[in-house]
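Here's the structure we're looking at; comments come further down.
Read from first to last, the chains carry the letters A, B, C, D and E; within each, the first residue is number 1.
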Amino acid sequence: MDIASLVGMLAGMGIIFHALATGAAPLISFYNLPSLEIVVGGTLAATLLSFPLKEVYKVASVALIIFKKGGMDTLGPFVNEAVELSRVARLGVTELEKEKENISNHFLKDGVQMIIDGYNELEIREIMEARIENREIREKWEENVLRTMAKFAPGFGMMGTLIGLIGMLVGMGASADPSKTIGPNMAVALVTTFYGVLLANLFFNPMAEKFKSRIEQQTVMQNMLIEGVSMLYQKKHPLVVREKLNSFLPPSEWERDGDGGEEK
Amino acid sequence: MDIASLVGMLAGMGIIFHALATGAAPLISFYNLPSLEIVVGGTLAATLLSFPLKEVYKVASVALIIFKKGGMDTLGPFVNEAVELSRVARLGVTELEKEKENISNHFLKDGVQMIIDGYNELEIREIMEARIENREIREKWEENVLRTMAKFAPGFGMMGTLIGLIGMLVGMGASADPSKTIGPNMAVALVTTFYGVLLANLFFNPMAEKFKSRIEQQTVMQNMLIEGVSMLYQKKHPLVVREKLNSFLPPSEWERDGDGGEEK
Amino acid sequence: MDIASLVGMLAGMGIIFHALATGAAPLISFYNLPSLEIVVGGTLAATLLSFPLKEVYKVASVALIIFKKGGMDTLGPFVNEAVELSRVARLGVTELEKEKENISNHFLKDGVQMIIDGYNELEIREIMEARIENREIREKWEENVLRTMAKFAPGFGMMGTLIGLIGMLVGMGASADPSKTIGPNMAVALVTTFYGVLLANLFFNPMAEKFKSRIEQQTVMQNMLIEGVSMLYQKKHPLVVREKLNSFLPPSEWERDGDGGEEK
Amino acid sequence: MDIASLVGMLAGMGIIFHALATGAAPLISFYNLPSLEIVVGGTLAATLLSFPLKEVYKVASVALIIFKKGGMDTLGPFVNEAVELSRVARLGVTELEKEKENISNHFLKDGVQMIIDGYNELEIREIMEARIENREIREKWEENVLRTMAKFAPGFGMMGTLIGLIGMLVGMGASADPSKTIGPNMAVALVTTFYGVLLANLFFNPMAEKFKSRIEQQTVMQNMLIEGVSMLYQKKHPLVVREKLNSFLPPSEWERDGDGGEEK
Amino acid sequence: MDIASLVGMLAGMGIIFHALATGAAPLISFYNLPSLEIVVGGTLAATLLSFPLKEVYKVASVALIIFKKGGMDTLGPFVNEAVELSRVARLGVTELEKEKENISNHFLKDGVQMIIDGYNELEIREIMEARIENREIREKWEENVLRTMAKFAPGFGMMGTLIGLIGMLVGMGASADPSKTIGPNMAVALVTTFYGVLLANLFFNPMAEKFKSRIEQQTVMQNMLIEGVSMLYQKKHPLVVREKLNSFLPPSEWERDGDGGEEK
């Protein structure tokens, strides 16, 4: 469970709800079904028009995953795992194959498998780098879907407000005392703008940002694992492996083995 | 038929029409021929000014294609086709030439043809990469036409609204009771803004996005086919071909042959 | 003569003029000399401040060229010319020198001259690539001038409107019946915004876009000619030259020689 | 203590406070708790939703560091330190190890340590470059948090204003004399926009800019230190070290040793 | 003296002053000290917060330099100087050392000095390229300061307007006849927006643009000089030097020596 997201979501909705409830207008004034139809319906329709159906499906499932699984807090454990593997790799491929089953990360496991299968170092790097690149391309499409939705929502909000305003202005000429009706009608028109801004700022933009962080975190981690697998292939000493992989961590998280990194 | 686009288009137009029809103003208030002239005519005129005539033609035909042909759902079949070809390629160029006729994708077919014609691997890669690059340049011009139209439409919408507003304000001084006429006149002025925002959000921007996805999907696919042709040239084992090309797919779509990828 | 630009310009101005003439306000309301001074004068002044004098001169002349000369419709003739030259180049440098005089494109001619002058392939590529790069840098400065003008124009339009608005508001307190004068005064203020948006959308932005297309078309063409000259140097077979240069064209424009590209 | 930041912060708040205090409205009108809740609370909530909790924590601590520690004024002392070390390095690794303890910069110290530990030049460069790259990736995440907050703040400011406006407009129909209440209500609504713009312009954007400068300054310095360590490894003459490292400084800050750089 | 900048500045200020003086409001209405305080003071405060003190100082001095020194009109003289030097370089290092004193450009002089000092070609290129890169990094920081100021100015303009508006709206409820005071008060509020837009469009943005042109012109020139120094090192024939360096000039400025470039 990603606590920050949950807290953020609850807090954000709570703050807005509190502001609506304590404001001058009765809470019911902020509920307007036609406005909701235009903003939510219009945004979804424009999204379907903009992207292949498959991408839109994926985004929906991705949104759930973001809330279920927390982000990576640190790369430290992956460094430790690679250092452990480097001890085993020096004993030979047979030992490495036995150890393979204990690797939880699929990307690392596939890399180790390629060492066992006898690919050479360059081939392994190329294949692993191609996987990172293609994962990034695919995931950035989904980030882009969210970003585009964050742009459509205020657009349709504005459209709804224009529809409401035009309706109000057309009616003004017919009304005996327009100053009585102009206020409530304009309020309804502005609700649509409010929905659009709310959706963009509390849903689509934060989700796109969070998705972007995860893509980048994954890439840093997988780039680190490529270096790791490369050094497993070369049967480098665990101390060297740690020194090199530490470069991917902030200095405050560097671990050093008991014998201290002073000798190599 | 690209169902998502069709559904999106119908849903989007339905939602807007529904909002207009159920709003406070009679539906006819949203129809204003001069507004339409300014937004559609002005956008087209500015587009003709901005781009070579040929690019503008192409965009019109491209818009139709987007609705007719669906996007690629997966690269899986192309991986399978390349794996099949790699079995044939190991039998020699004569066998490959016979198989060539069954290849449906032109880009792959041209690559195989170059193997048969005796080009070396580097030449084939260079020619195929130049083709991808130049296709991207050409298609991004067309995406750019759509993006620019999406910027012109609200610009001309604003211009129309300014023309309407100025007309109304000039008339205000002459009118005995301006409050009777100000409403309906301003409504007409805002209709032009509405048209501009509608065109940008429900037509030009979604079309530009969809076009962009297709350009990128094509590039990923063709980059994969370059790797494939390169391995055909090297007569690599089908299992290696599949392992490498799998990198272009999300892990969930990886297929493995019966003998499982464990041996090479 | 670039027909699209001419049609676009006439259509755009016609549409705006038609809208002004048939609108509620008399046509003369849209003519306001002080507004014109602020928008046109201010934009020019800010442009002089922003760029070296020489760049500003160049942009003025470039604007005329855009209307005089049409864009390239296709690269096909250049491919044909390169293929012809490749037949001659195989006969030796003396033949190539004779043929040189018939080359109309200066960039290609300089390349062929360098072959005749005895530069080696790498030197020729380097010099030709440096020319493309430096031409792009120079021309992008001019595109940038137009883009910046497209940003200044609405900025000064807004400034003019603020000046008008402030004048009107200051006067309001003094007037006996402000509602009579507020309309016409505000109309005058908005005319300046209208000028700024019009200049940006119907002049500066389209011109910047057209200029950008031409820069990119030139670059694609010159990159193609570098490949061509490189193959002339290597005395490649005309069929190979055509195959490689075709990569710069959309497949629909590929020509093949009578003997069909099947042999090499 | 970073004096510029402190002066800027005090001056900025002083100017705004002065403007509020001397304006037409009593100072208390600019204090509105619900507005503050929406802007500050909403921005924080959206930030929590957008980023991993850890990044948000870091940003808070980073904000303090910016005020505590001043930026680097010049790279000159680092050049001098590297030149000094180059004299020692020529005497051998043993001497270098003794000198190591006096190096205050951690990045330089780690580099010297790797020379002592016997890594070769290429390994040292790769490790040090990986450290720069990964530090930049991590720190740009934090800059991005601040930039995103600078975008959320006015967004929530606008939302608060919309809530206030809608409340006011709904109330207008019910009020006997709306013109008495419309002013003060709208004032309250606009206070929220004011808060949002203030937070973005006087807090989040300046902090993001300052953070960005520091990231880039660090990178220039560390790139210079890589060159330095590389030349220590090669035991280059101190004069050559100075000549090369001077390239990272503006010419006005170049120091030359007594013997003047004329000889090498 | 940079005439374009001076003319632009005088013309821009003249146009705005003329518009203010001939407008409906007395000229004094556009002078408002508190507005000036908020926009100028606020922008400076935010700038101090955003950047190291040293960068802010530099920008102030840079602004003066822009007006004092004109831009480069052409690279032609530098090409001629390099061609002259290439004649001398063929005579040997001793001759080159004598000629060195006549070189006015410091960057070129340092390059020639490094040839004399016996650095090899690769070292010279690396050092000179590092100098270009680091000069660009430093100067882009200063461009960035100006760009950021151009964004802060309208931000503080808007803040000032909000402060004024709120003051006015709060006062409205208390006033007997608000319609008398609303105009002049709102005028004062809008003056702040006017100041912000004016500063951005007539000062900060043009200065940032001009600064950017100069950075890019310098880079093109220095890149050309690297090629020149590289060919001095190789003792290339003056004709070859001219042919290669011409690539940095537009074809219309190419000079050819008397013997015409036809032979090499």
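Criterion: a contact is a pair of C-beta atoms (placed from the backbone, for glycine too) under 8 Å apart; a residue touches a chain by one contact, two chains touch by 3 or more.
Owing to the predicted nature of the structure, the values given are computational and were not obtained by experimental measurement.
With contact taken as defined at the outset, subunit C and subunit D are each touched by E. Although subunit C and subunit E share one sequence, what matters here is the overlap of their interface residues, and that overlap falls short of half of the numbers used.
On superposing C-alpha atoms, the copy subunit B sits rotated by 145° relative to subunit D, to the nearest 5.
Subunit C has its Cα centroid 39 Å from the Cα centroid of subunit A.
Centre to centre, using the average C-alpha position, subunit B and subunit C are separated by 24 Å.
The set of subunit E residues that touch two or more partner chains is empty. With chains as nodes and touching pairs as edges, the resulting graph is a single ring in which every chain has exactly two contacts.
Tracing the ring of inter-chain contacts outward from subunit C, first into subunit E, gives the chain sequence C, E, D, A, B.
Touching subunit C in their complex are the following residues of subunit B: 34, 37-38, 41-42, 44-56, 106, 114, 117-119, 126-127, 130-131, 134-135, 137-138, 141, 144, 148, 151-152, 155-156, 158-160, 162-173, 178, 185.
Residues of subunit D touching subunit E in their complex: 3-5, 7-9, 11-12, 15-16, 18-20, 22-26, 29-30, 70-73, 179-184, 186-187, 190-191, 193-194, 197-198, 200-202, 205-207, 209-210, 213, 216-217, 220, 227, 243-244, 247-251, 262-264.
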